[in-house]
Amino acid sequence: MWGKVYTGFGYWDASAWILFFFIAAFFTLWLRSQGRSDYKKGTEQDEIYWSGNEVPEDGEDITVPASSAYWGFRKALEPFYRGLLGIHTGIATDIVGYYVMTVAFLAVFILLV
Amino acid sequence: MNWNDHLPALILIIPLFGAFIAPICSLGGKTARNFLLVVISFITLIVAFMLWRHVLANGISYYVMGGDKFNLSLPSGMALPVRIILEVDAFSAFMALCGAIVSFAGALFSVNYMNRFSGMGRFVSLYCLLTTGMLGMMVTGDIFNFFIFIEISSIASFGLIAFWRDKPTAIEASFKYALISQVGSMLILIAAGTLYGKYNMLNMAAIGSVLKMGTMEKLALVFLVGSLAMKCGSFPMHMWLPDAYAEAPTGVTCLLVAVSQASLYGLMRVCYSIYGAAMGSSFIPWMIIVFGLASMFFGVSMAVVQHDIKRLMGYHSVSQVGYMLLGLGVGLLVLDDARAMADYGFTAIKGGVFHIFNYTMYKALLFLTAGAIYYATGKRDLNEMGGLARRMPYTTFMFVIAAAAISGLPPFNGFVSKLLIYESSFAVHPFLAVVALVTSVLTLASFVKVFQTAFLGPEKNSLAKIQEVPAAMLIGMAVLTAAILGASLFPSWTLSTLVEPAARALVDQSGYIGAILGGGM
Amino acid sequence: MIGNAPFFAVGVLFLMGLLGIFMTKNLIKIAIAVTILGSSVNIFLVALGYRTGGTIPVHFLAGEGTTMVMPTPQAMTLTAIVIALATTALLLSLIMLVWRHYGTIDVDEIRRLRG
Amino acid sequence: MRPLSVVVRTGCDFFAWFMIVFGVNIVLHGYMTPGGGFQGGAIIATFLVFLLVAYGGKKVLSWANETIYEILFEELGLLCFFILAFLGLNNSFFYNFLAVPLGTVSSGILSIFPSSGTTALMSVAVGIEVTGALSLVILTMFKGIRLFIQNPPEEELGHDR
């Protein structure tokens, strides 16, 4: 039940990983327990900005929206994405067209090879 | 009468009965109808489990519809089977078990999720019908019957995708799926007709026993492979999939995942059990591998830039199906070569089959968590979410588990199946493994994005009043979470009991044929 | 050669159906094209089962004839027709709802889900 | 749809009933002749189309009750079919437990009683089911034409009914 899974080149052992997980968790919790709990509540020590900036009321103002995530990745691969989004036209006949073209391609090539 | 003998038929009878009785039951009000939905899918799950146990213990089980006896496959000295025969080997039983688990979880989830909407009698009816179609595709041993079940599941899913008929996008997604699926079904019917015209048989095992490659068989193979690859959403034919998955009600999306796996099952059944050793050239295996690679890479690169949560997950479905196509394609490539098969081919098949189980579980769970978010907030756009972890701790916990599993983080089950696929496809060509690895990295990247934008971050004022979803929905998700955790913590047990018999049955073409034709192949 | 005529008809109808899907922009016409596609497949199945000079495959109605037409493709065709009816009804209902929501049945304008 | 002229309506009154008789005939002989449950049921369902064309939508919708079609026809047919299939479970699902041996059939003794056993009964069950289902399809599609005219889609958004 807890045995190893052999992949032909190596193996995977879940129990070793879980053991490691517990050890790591123990060290993490130990490190955390070394922190100080005697900070002054309700003062500026609670603030999330050390610089003392105002924290906006609504969290909306300080979130990065999902559309902006991986902006650089998308910018760098822009030609690729332009092509990829180009074929996702969303027109029903195009969808059928890609399918029929693929089947036709397969049908022609399986008779050739 | 021994009920164990009738299990292959019962697994179809019970959801079908549920579909038929649902309109009457819904006259009795909300409670009766919800009770029916949950009870029917739970009994289906139990029957699927018993069928799986039965098949593991007694080998391939088959069932002759309308025969004098349930196992009389060759009546009165005929050389060929004539009736509709259900044939369940370990692979089918494994798939049916996966499908039944997902169907049960989706039903539990739908009870609360769909509570607000009208027309639920039809919903229950169609849901049971979709379950019937999916399970029928998995247990049938007859190629025309396979077409019937694929159509039953398609028609039920058109209705369910367009269930919210007041949403324009739902109608649009359903129409696109209906159009492409109708053309695909016609090609499947042509292929079935071609095989019938050539061999005067419709039984898959009987066709497999006499099949010799010729022009018509090649065309039939191409039509079947193309259509079924379209149905399970591989790359150039996947455009309907994110639309349909995103727009369907979430309990249904969860079941649609299992239905796409049924199409994958059909693809593998056609390639391994009907054509199998007779396939001759390595063109179709390579094309399946190429489909797999393209689906993996392009699917995930589309997913990274999405910001609709269900659409993002829909593109991940495309990319995950690629893994299974890769694993099972590598297995198909070396089907004739006993040495390579023992070396890495069987590992690849094991990886593919294990990935089917994992994918069905964690993708269904991911869709359910997305549905839970939609239920609580009424939003699907990630840009408008944030800080949900404080409000919905259980959902967050289950989302993290599912996301870690789909990204292939150890120690979760996604890692194990992906590892098996990497290491075996590496032996064919390193490029395959590289694409698979890159896909895994991008999967992790996009789920980090979902986790960070939806669950972490400061709380938004617009989301200050939301609450955790009701208990029935949480139980529905917990069923799948338990399956994921079980497969993660006991990978070797899962592999040896669940996956290996299925993989062995998939490779064993003569066993599949011999069970119907009485051995002596 | 003349025995293959039904199959030519099937091919022509099939191509008509496929081209109809791609060449027209009107959703109703596309639904009609899908129906034509289905009909071509039905003709294919019926043509497969025909035996020259065959009779009705009911034992005590067959009369003197010894060759019987295979009933299986006909059963398949009937089933396929029933399914095609259900799908056509669904497609037309969906088109009706599309027209309600989008105000058009031009296939190029029904693309809110893309990218 | 507006009602048509009085000539058409009188013709419809006269002929629509014959469609039902013809359909029932096809259903009842479905086990032996071309036709059967689906074909006969489809012919019976044209009764409603006749009425719809001749009398217009308003009148027909006030006559026809969807629940009757759904519960009485469709469910009855489906459940009869299902139970007939289920009763053969002693041998196998769908087993023809009423079948008459071939010798008896050929001798022509059973001229009225259906010689095919459950097949004829299933054909009747399918006929009832298809009648209900196709009538329901026609009614639903006809209602769908006028779906958002009475209540525009804006009011339905949020699908929170």
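Every chain is named by a letter (A, B, C and D) in the order it is written, and numbering of its residues begins at 1.
We take it that a contact is a pair of C-beta atoms (placed from the backbone, for glycine too) under 8 Å apart; a residue touches a chain by one contact, two chains touch by 3 or more.
From a predicted model like this one, the values you see are computed outputs, not experimental measurements.
Simply put, of C-D and A-B, more C-beta pairs touch at A-B. Mean C-alpha positions place subunit A and subunit B at a centre distance of 24 Å. Centres computed as Cα averages put subunit A at a distance of 54 Å from subunit D.
Work out the mean CA point of subunit B and of subunit C, and you get 28 Å between them. Shown for subunit C are the residues in touch with two or more other chains, namely 18, 21, 30, 97, 101, 110-113.
For subunit D, residues that reach two or more other chains under the stated contact definition are 153.
Within subunit B, contacts with two or more other chains are made by residues 168, 175-176, 179, 183, 243. An unclassified topology is adopted by the chain contact network, corresponding to no line, ring, star or complete arrangement.
Subunit D makes touch with subunit C in their complex at residues 32, 36, 38, 102, 105-106, 137, 140-141, 144-145, 147-148, 153. Residues of subunit A touching subunit B in their complex: 1-5, 7-10, 12, 14, 17-18, 21, 57-60, 62-67, 69-70, 73-74, 77, 80-81, 84, 88, 90, 92-96, 98-103, 106-107, 109-111, 113. Residues 18, 21-22, 30, 107-108, 110-115 of subunit C are the ones that touch subunit A when the two sit in their complex. Against subunit A, the residues of subunit B that register as touching in their complex are 175-176, 179-180, 183-184, 187, 215, 218-219, 221-223, 225-227, 230, 236-237, 239-240, 243, 281, 283-284, 287, 298, 301-302, 304-305, 307, 343-344, 347, 381-383, 385-387, 410-411, 415-416, 419-420, 423-424, 426-427, 445, 449-450, 452-454, 457-462, 488-493, 495.
Remark: subunit C residues 18, 21, 27, 30, 34, 37-38, 41, 44-45, 48, 70, 72-73, 76, 79-80, 83, 86-87, 90-91, 94-95, 97-98, 101-102, 110-113 touch subunit B in the complex.
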